[in-house]
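Per-chain numbering from 1; labels A, B, C and D assigned in written order.
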């Protein structure tokens, strides 16, 4: 019975997120229809969230194993800065880059992201540092390397071709950033629900001891998870590189907490073992809608956004508390 | 004696102390300025605010939680206090501001405490949410902006010095702010509280096992609730001290310092899972972070390398203590075994 | 027998539709050692919680020394001299012995400040009552289980205690520690303290208690003097079923052992241990808790790799450096602590079953073959008769016996040659225990080699063909089960 | 219970919105939005005063909207969001030139008029307004510092960040001005330019360390409005009053005490409120299709005779700046 109920609770969580999104959209429809319901607006939103959406995917994966990844932003910036330098080198006098440049930088970005992720994984699995501190430290370290490399300057002046390619819209309709995000989200979904790896990390997040006694390679699993997180973060960095046509050590510093907030709001259990990608995507959509919608009201300070974010998070948790509690009482 | 030595080496504090000493000597070698009286005073005064914050963060971690909201909490309460006083053209001393700030701190701490103790929600999530709420309230509802002018009483108190240290060579002077006394008082208070009151032992007990604490008769919900109120009060005092020392109130300057504070606390040997840790270790860890953050130019490292340094410090520091815990666990179990065999 | 100390009369309690206790009446007299027995879910713990004030009964009342209460709070219970010692002892592993001992009374006195002197005095008095010697400044987490229990008992004695309820107090104790505990219980009885002893271990019930009460499905099915009780009746009251004991019989089919260890050892745990396991054989390893038996089990599964000697699987030397290597060599290990080491409680039953063989359930690139996974789960749920409406339910919904079957299924799914079972029926209902035993015997008959590590002597005698007795990390006895009995084994163990 | 809570939640989310919903939406021709670096900086609070004042006197929808933190990415996203809303003109004070550039390009592509302030190097703008020539302003800050230092000694420069366009131009100009006019002054070779990250506390700590490490350091040329007050605090505390000096930009009332105490002799500034108004006025002109050439009169004090910067088609420079010292600090009313 319990799993069913468990499922119900998760679904209730999703249900709440959906209700909030719908209610908000209805409200916006009544008050600011023209300013919100237009193609450009949806395209803008779809192009904006992938950069931190990707990072949230990484945080989510690590949280399922019972950890956390606070280094995603540092990772993204370090990757994008290194790739920016590479792009500068590849840009010729006419401001063009060879056709293979974009696939190449993406490939290298994935490699760099993976390396940085592996470093985190080693700290967590082999050095046994609590993930929250290991990734806090490595995030600081990555940012530090960025600062040391760039002296805090933005790295830019590479061919505009890169930015225009990523900032483009497929068929003039779908932002390329969204496509990258969708591919990665599908990939993560597939990994979590359709592969052996997915089952294993849920189990690992539930009980590391039992995982060891069941013969799982816990260290390798952790390293792989942080590696994945590193890759998605690096891709987030590549999107930032395109969106801002430059890379800098302190881009997106607010994203760290934002990602944790999104993931928790999406119903991922910070203790590990539980969480679905659909919840995380709903959380991203909800927060993006709220923020964009709120920007349609010039008189409302944008500062209320953080108030609403925090409020939504706490309220959803309290609602869960009531349903959960009922369940526990019933189980008695 | 031997036993004592063993006890000492099995703890974290001596190692942190050695690392601290090494860093100080490095700075001294590089700059010749570290052990000058005025630099030491500077470090002591730089320690006040992070030190206070660390006391609060330490108590929360010992109780088995983790609080990331204290900078936002402190910002909201000092901002509200300063603004309120400015609006009423307050001319008096520093006592009233502190009382008001403590009041706000208690209120906001109670907000955290309500969700954490009564609803039993995970502390990380609650404080993540509440820090967002506090920030929103401050910036949205209070329409915060930098307050470059603060009430006279606060300004004067912030400038007041216990004594002034002078560097005999360069002639530079540094003030030891009166606020340092507040820090010392809070430290002694926390020490007394944690060691000599049932409330304080209750915090440790809850961190050790919440169920056992409940059964032993500790009022777990109330203890946690009061704990968060107290942490709110301490954080607010720290915030207001910072305002006085800075001579201005900047609403968002403090945000983001939570992670470094937590890192300092854990660096000092506090178990992130709760129940274990000493105030001494916590202070040593925080001091290490404060010194490194404030001495890069003295060492001659370009400021752009600052994050590399703090990052590496966090990794190495926590790595060492993680290794030690692991190592300790091993020796302990094999030792325990032998004893059992010997029986 | 005079006045009763505590009487619980016609107690009813239900939780959202489920009746946990139906019209239960229970009585205990001063200085009496009373055993409360029953299978998991029979309502034992609900009854204890009602007596200690944690739950309020829906109907019925209690009498304590003639005073009638329709309900009591935990504080009332303590004031009336009722103390509960829970299975986990309710201790603070991070604090000192002194604090663990003194906190309860300090809190009961509503002290606000800590007085180390007074606390030390309280602690000293407490341990003196049962002649327990321990360093008061030691951190409790570093002590042995028995010492922790002594702390819990001493702590209970600080108050003017008249009744101590012990919830399964012997689960994690060695044989010697158990007899120690029994001595202390008798001593408490002399002090006029009544003991309510919750257990489902047959031999303990007979050894220590004077009277008994047995619950089944929330109802009292029997109570009376222990002297009127025998093993058969006890089992029948507990389960409502009668069981036929099948003693395992082994016939050697092949001369070649499938698994053999030669002079293996780990410093500080065990040394110079050699034995063989043949196909179809069940080898029992028994010994006190500190005999090194668990370490041996962990070593054979690669969790604590051996430091000397060698291990052979079908004549080939193998190195067991981690559990994966062991599984790869077709060795499985059913751990001692099912809840933390064996199971992923909040995950589904299905995932728990397939987790160790999951790599075999994938198509290319580690993609899960969902149909195969489903079939596999279905098969094992059926084969081991795991009682669940849906294998997608979380494992924590199952009873102890069914949980143990899940762990067993996990290993059987790996198609092993050798299965090591450490305490295979600890905390398992009698009914399930019998079922698990017959499953194990059946596995052996089909050619698997099994090692049962257990201090449950009847279990070892009944199910093993050969028994090794460990003491201080050495094999001190090696005998055929058919040629030994409990007495003989005990003489080696002690 | 659950439903009640859900309702409470929804109400909580929407109440602030409903409040505002009634007030907004006056019929007007153009919607012009001013985007500052952030909104808690007094500089931009003052700018908002100007913008709000302008809004009252016009039939256009004019408002200022800032991000909660100084963050280049947040600012870029806010601007993108405003583009999606289809506003008519954007007046931006960029946090970071590089990251805002592609976003401004998007805006212009969408037919939105883009006016910037403190962004002289930006390409994708219609016009950039500078309150004055950056070179002149930098030289002037240097004059202030040199005067305080008595024309001799070692100094260094402080900017909000090394990527900030205007600050670095001022600092560069200041250094060039010193080389030309104050031969006895030297730039500290080891630390030529330090950053304060628009944070008074950082400015204070950096200054303190600098004075300790380099005992002969005599002056710090600040640029952002946080620099001089932070450095001044360090000077006071280290007992260096009348031995070390600073200069820079600052708001009058906020710095009154500093100026009166004599730690800082004088500060320079232009009125951000007027700058905000000038941006809007220019945006309206552009939207109205007026030709911008020669000397431009925006009808805003100090911006009545804007001239194109030499060699630039987009950068307009106003005239003059304000110097505040202890004598005139209370004359401005902000």
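Following the convention adopted for this analysis, a contact is a pair of C-beta atoms (placed from the backbone, for glycine too) under 8 Å apart; a residue touches a chain by one contact, two chains touch by 3 or more.
Predicted model, so just to flag it, every value in this text is computed and none were measured.
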Contact-pair count is greater, between A-B and B-D, for A-B
CA centroids of chain B and chain D: separation to the nearest Å works out as 34
Whole-angstrom distance, CA centroid of chain C to CA centroid of chain D, is 71
Rounded to the nearest Å, the gap separating the Cα centres of chain A and chain B is 30
Between chain B and chain C, the Cα-mean centres are separated in Å by 44
Each of the following residues of chain A touches two or more other chains, namely 151-152, 253, 301, 303-306, 308, 311, 318
Shared-interface residues of chain C (touching two or more other chains) are none
Residues of chain B that touch two or more other chains sit at 135, 139-140
Chains touch one another in the pairs A-B, A-C, A-D, B-C, B-D
Chain A partner, complex, touching residues on chain C are 15-16, 18, 20, 301, 303, 323-324, 326-327, 333, 335, 340-349, 351, 354-356, 358-359, 361-362, 365-368, 370, 389-390, 392-394, 396-397, 410
Chain D residues touching chain B in their complex are 16, 39-42, 45, 68-69, 191, 194-195, 199-201, 204-206, 208-213, 215, 229, 233, 237-240, 251, 253-257
Chain B contacts chain C in the complex at 195-201, 204-205, 207-209, 211-213, 215-218, 271, 274-276, 332, 334, 336-338, 340-341, 343
Within the complex, chain B is touched by chain A residues 70, 123, 127-130, 132-134, 136-145, 147-148, 150-152, 253, 257, 260-261, 264, 270-271, 301, 303-311, 313-314, 317-318, 321
The residues of chain C that touch chain B in their complex are 75, 78, 84, 86, 88-95, 99, 103-104, 106-108, 111-114, 142, 144, 267-269, 290, 295, 472-473
